[in-house]
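Pasting the structures in now, so scroll down.
One chain, subunit A, links the two complexes that follow: it is found with subunit B in the first and with subunit C in the second.
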Partner chain A sequence: MPTEGDLADDGGGHAVKGKLLTGNAAAASAARLARVDYIPAYPITPQTEIIETIADWVREGTMDAKFVQLESEHSMMTAAGTASLAGARVFTATSSQGLLYAMEMLYNVSGWRAPMVLVNVSRALAAPIVLEPDHNDVLAARDSGFIQLHSETCQEVADMVLLAYRVAEDSRVMLPAIVNLDGFYLSFTRERVVLPDQKGVDSFLPPYQPPHPLRASQPVAKGTAVMEGFVYSYFKYNMHAAAVRAKKVFSEAARDYKELFGRDYGPVEGYRLDDAEYVIVMSNSFTTLGRQAVNRMRERGVPAGLLKLRMVRPFPTEEVVALLKGRKAAAVFDQNLSPGSGGILFPEVAASMYHVRDRPQTILPVVGGLGGKQLTSDEMTSIFEEMIAVNSGSKPLAPMFLMRSEEMAKVKRAVALAEGGS
Partner chain B sequence: MSTATRFRTLKDMPKEDYLSAGNTMCAGCGGILAVRIFHKVLGPNVAWVNAAGCMTIAMSYPLSPLKSNWIYTAFASAPAGAQGVRDALDVLVAKGKLPVSEDMKVVVVTGDGAAYGIGFQSTAGAIDRHLDFYYLCYDNEAYGNTGFQMSSSTPYGSASKTTPPTAANPIGNTHKKMDLFEVWRAQGAPYVATLSNSHGVDFLKKVEKGGTVKGPKLYIDFAACPTGWGYDPKDSIELEKLAVQTGVWPLKEAVDGVVKHTLVPRSLLPVKEYLKRQERFSHLFEPAEMTDVIRTIQSSVNAYWAEAGAREGFSVKVPDSA
Partner chain C sequence: MMLRVRFHGRGGQGAKTASRILGDAAFNDGYYSQDFPIYGAERRGAPVAAFTRFSDGEITERGFIFSPDIVGVMDDSLIDDPLANPFAGLRKGGCAVVNTTKRSDALLADRKDATIIAVDLTGMALKMLGKAVLSSGIAAAVARVAGIGESQFLAAVAEELREVGLSEEMVRKNVELAMAVYGQLAPLELRTEELPTKLELVPLAVVVSGEGMEDVTRTGNSAVRHTGNWRTFKPVIDYEKCTDCMICYAYCPESAMSVREDGRVAIDYDNCKGCMICLTECPLRAISQTMEGGTR
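== the complex of A and B ==
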């Protein structure tokens, strides 16, 4: 079942570095490179390949770790957290319904300050049930205290898993982390991935040294009750401060990572921003579509640009401000929906800009790609056209909900059929 | 499994205490007493894994009466928490990252609400994986911590906050208590036992015996609860003793599925003697005695002992239930 394919050349006879790996294989490979001790698991599409790959490696002896399949994601997260408290480096993965099933434990694991890493393979939430991605699953964990790093490519998946361990286990942070990748678009899509070498990873990520693990010789109590709100508040503020510090720790770790492996990662990433006046803010795999839209707009002479959110928690407020201030207009593309409010990240971006004097005059909320809905390049460029129209005053500001007319026609036919019409 | 024991009389109760005096449980709480005795047999190197319930509040920041490790998980998943601790200790020792001297016994401690109900999925998984752990259920036969609502362990005829006796429903709880002992046994757990704090030697021996078995071990402790059951806290041990003497709480164990009663009363006291001492059963006696309900309870106890006696070859003289 190995999903790897060697890239000997680029088809033109030039040697190419790396392997063809799916996002899932990249996640599993990074977990092995991180020398994790323990993987409690539970299957769900589209995450399964991650845990199957790891189960294979552990059973064939090419990964020195213990793999256990639990009976639910709630139990899986519980075991992940308690194993981390006992001092193991822990990896696990889930998706969608599984993440929500485990939700109670996410808050416990972060409250325990157990720095395990969870890969979430995004998939939209039931009902109706669907397999393709949007980000309501991972954003449901937004307030749980997990660090969140979102990936655009399979390469980023591998790199984010390694960076996540460095940040999570740092004594200034001590919080668990989620690395997100989109189901199907990344999970089952092979891309060229250059995996770091083991020696490099070992120097980047030394063995986990838990500060206060469960020990026979030095007993500890974890997750104890607190009887008063002010004590609870103290611990929650502490967690917030640690999460805020995680941004700086990430940047430090990213510097080391670049030195060792050559790839450069910030909490956010800009694309063609230098002179950009119209900027789309995005995250995850559809960012690639955003880049194409920027190129098309540039061909038409529009100074378009893109801001990618790689880090979602802590929210990179300063970076967002630095890259959006002085622009004419911005649009926040949310691949998620909070019914009755709109996109989830839009208010975060808008709030970041509120006190900035030269903020964009227009910040356009856009919702699209729900349940993995495909987006044509016209749909993507329409976001820029809307930004320009609203900003010039020729159209009032109203949230966009992307849907093509031919898709609407198809839905109408399906609805008629479901209602027993013809 | 070893049969030799270091516990012959109550004088053999280990002197060491791993639970310091003074905690937040009610006076007379059978649950915390069970933890205290259990710990004496296990010795110092223990990791307790707890689910939501009264015991959770005993470890309140910044104080813990325990001299061993403790994790509060959630209501539903303490056995999975034990899985994580056990696996982590095993893998760290195997990789040479942890000296064997740091190894610990992993013990789940929960109430009946978790053990019989919300935590059962997690429990079933742990038994299925043959996890090497102890499960101590202090069974106060209801959700104590939230104010005494019914659980799957609440006995027939008991009042609870969610099964209050009314004119239309005078009996209180109409479900039979679920048989957790048999559920574990049927699933292949190598050691399953009931305990009563009133029968200390039996208690000590069973914890000792289970310790020689690798795999999932269940202990259901009959945990008198003055607050929920409604009686004077000083009578907890007496009440537990009455439950044993009336045959309401059989003391038994199952080793590799073979059941043996560890105490066979020659004759049982009438269940009435036990029921009438508690507020939760008071509606069976006031304003008028509900003789049919009491008879139903008595005949189910009688039937239990007749069946157990037939299986194990003993006979118990039972009170009249006609």
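== the complex of A and C ==
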């Protein structure tokens, strides 16, 4: 657990040592740096460490905030949204089933235009039960009106939390935000993180000034029953417009962030894209594996590249188009599954490209990493091999659902054992 | 040939059941048929609409009827309610059946192109059923005007009212009421024409030109939303008997009881919803009820 002394300053972009932090510690540290006022909480693996860390800090007096454990994630989100309407800067965190239990309130909190920040530590949804990550949990909240920022590294976790507050609280946006990080692969992984200094964060993120905070003496109604479809449509269209504006606001905030702390973030990030002909599109922590696969393909002389989706809502259509047009082929790696359809992000990327004249001839849907299923480097490079084979016409286009033979053998052994065989 | 019927009533008056009776009746009479209600928070007294379509060919539309051939208005206080707007879109050559004690030429004077029929359904219902439930009466009026056969219609009344759990005695009384209404009217040869409309779509950029965060900061604005027109019955204080004990004041769930300058208790008819809790609670029976002026 970091202490004040570890909050290294990179000031004018000088090299700093940083500190080994887990993704969960990075999230908690960013919440403290953001000077959040209120943390309604409910434990769930693999997120619990975040709220335990914050609870400790509040108890020992190194974090000046009110920490309350509620009786469920549903109550937790209700408390978070209402406190945000009262003018508090609110932080909370959950995972998986917890996010789904809070789902009803996600739509309310965004409809109230309450700009709180929720960290989701991805964990695959039951059933069957597993604790490791995929993105069906956070993508279930895709249409809720929350801004969504997805992290590849522990560093990004800390930075995205701070950027999320800046974007959410901007008067042009006023929507809540989710920062996503993968359970285990980031939540419990320690790696070097440079936390911004408090003074810098204070100038980047001034205190939240809500336009009409809830006050006992000044009644204000928010999110009232409208009872008519056209009034409902008016408010929903306005939420859409605010979410669309959030991309520009994010870019402005990211510019300030870079000036203060030296790290540069866009809604998407390209890796070795300059002359790339074959591009894999992905998000979250397994993107690191995608980069490695790009490097291996490059060593073989294949012009491979990667497009990382950092912002998932609003969907960065223009950036995706700019970075994918003119490529020979693309693959969308979805670490999620909509049974009966396939990956959830594939259709979004494909729809973005449909009207682009020089779009990639092939866009290959790939599903992998469900329930945190590990991916070998050969498995990752096979995606590029498939892309090339389909694009050259030597194989028909068919969605890939990654599973290795030795994994299948283990499945068969486990099933046999469960059925009483040996 | 398709006929589109729109019923307007208040929650509790039976608009939905009327649309179902008519739907069944038309179905029994060999038509393709479809019925559908729309209501908000299922609140007694709130404006409700229900729709029945029937046709000798397959019905290829659904949902709200914007251009009815026939409207059935079950409560004439709805005529001036801008949310209910019962005559909106009524076709040229169409027909409006209105439950009222007013003369038909006092209603909808600006629509010479439509037939207006005034029937005192509430009076008949109070006399024949003992309460102001109007589903069988309005359905009978519309079915007759639309030319639905009598036996098919009466079978539909019995079928639907049994389905909603009415006793055999009440079913019988309703069938009698329906026969009486049906017998009073004659079928109309309806040749209707849709009123011209002009569609103007608002571009998204206009809808979202502000920031669209309409926080309501004006206080005390619920007094502006008068709910008095939800009443079917109206409580009336007999000041000879009333001792201003204030029990009604304490029980009124809508704070619609107030104290006048002279110290007497008074009813705020702008906001009283006619729940009659005051009548039930008054220890001196100093509160009585009358039918709302609108329908009686």
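Everything below uses one rule, namely that the second predicted complex is superposed on the first by the 405 of 422 C-alpha atoms of A that agree within 3 Å, B and C clash if a C-alpha of one lies under 4 Å from a C-alpha of the other, contacts with A are read in each partner's own complex, and residues count from 1 in each chain.
Convention: a residue touches a chain if its C-beta (ideal position, glycine included) is under 8 Å from a C-beta of that chain, and two chains touch if they have at least 3 such contacts.
All values reported here derive from a predicted model rather than from experimental measurement.
*Asks:* Once the two structures are overlaid on subunit A, check if subunit B and subunit C clash or fit side by side.
*Replies:* With subunit A as the common anchor, subunit B and subunit C collide in the superposed model.
*Asks:* Report for A:R113: first if it touches subunit B alone, second if subunit C alone, otherwise both or neither.
*Replies:* Touch partner of A:R113: subunit C, not subunit B.
*Asks:* Does subunit B (first) or subunit C (second) touch A:D37, or do both, or does neither?
*Replies:* Touch status of A:D37: first partner only.
*Asks:* Check the residue A:K410 against both partner chains and state whether it touches subunit B (first), subunit C (second), both, or neither.
*Replies:* Neither partner.
*Asks:* On the A-aligned overlay, A:R300 touches which partner chain: subunit B = first, subunit C = second, or both, or neither?
*Replies:* Neither partner.
*Asks:* After superposition on the shared chain, which partner residues are touched by A:M174: those of subunit B (first), subunit C (second), both, or neither?
*Replies:* Touch partner of A:M174: subunit C, not subunit B.
*Asks:* Which partner chains sit in contact with A:A221 here, subunit B, subunit C, both or neither? Use first/second/both/neither.
*Replies:* both
*Asks:* Of subunit B and subunit C, which one contacts the greater number of residues in subunit A?
*Replies:* B
*Asks:* Of the two partner chains, subunit B (first) and subunit C (second), which one does A:E71 touch, if any: first, second, both, or neither?
*Replies:* first
*Asks:* Report for A:A241: first if it touches subunit B alone, second if subunit C alone, otherwise both or neither.
*Replies:* After superposing on A, A:A241 lies in contact with subunit C but is clear of subunit B.
*Asks:* With the two complexes superposed on chain A, say which partner A:R255 touches: subunit B (first), subunit C (second), both, or neither.
*Replies:* After superposition on chain A, A:R255 lies in contact with neither partner.
*Asks:* Using the superposition on A, tell me which residues of subunit A are in contact with subunit B and, in the other complex, with subunit C.
*Replies:* Residues 219-222, 224-225, 227, which sit in both footprints.
*Asks:* In their shared complex, at which residues does subunit C touch subunit A?
*Replies:* Listed in rising order, the residues are 40-41, 204, 207-208, 210-217, 219.
*Asks:* Give every residue of subunit A touching subunit B within the complex, in rising order.
*Replies:* That would be residues 37-38, 40, 64-66, 68, 70-72, 74-76, 78-88, 90, 104-105, 108, 112, 207, 214-217, 219-227, 231 of subunit A.
*Asks:* Residues of subunit B touching subunit A in their complex?
*Replies:* 44-45, 47, 49, 56-57, 59-61, 64, 66-74, 76-85, 87-92, 95, 97-98, 101-104, 121-122, 124-125, 128-129
*Asks:* Within the complex, which stretch of subunit A touches subunit C?
*Replies:* Where subunit A meets subunit C, its residues are 113, 171-172, 174, 211-212, 218-222, 224-225, 227, 234-235, 237-242.
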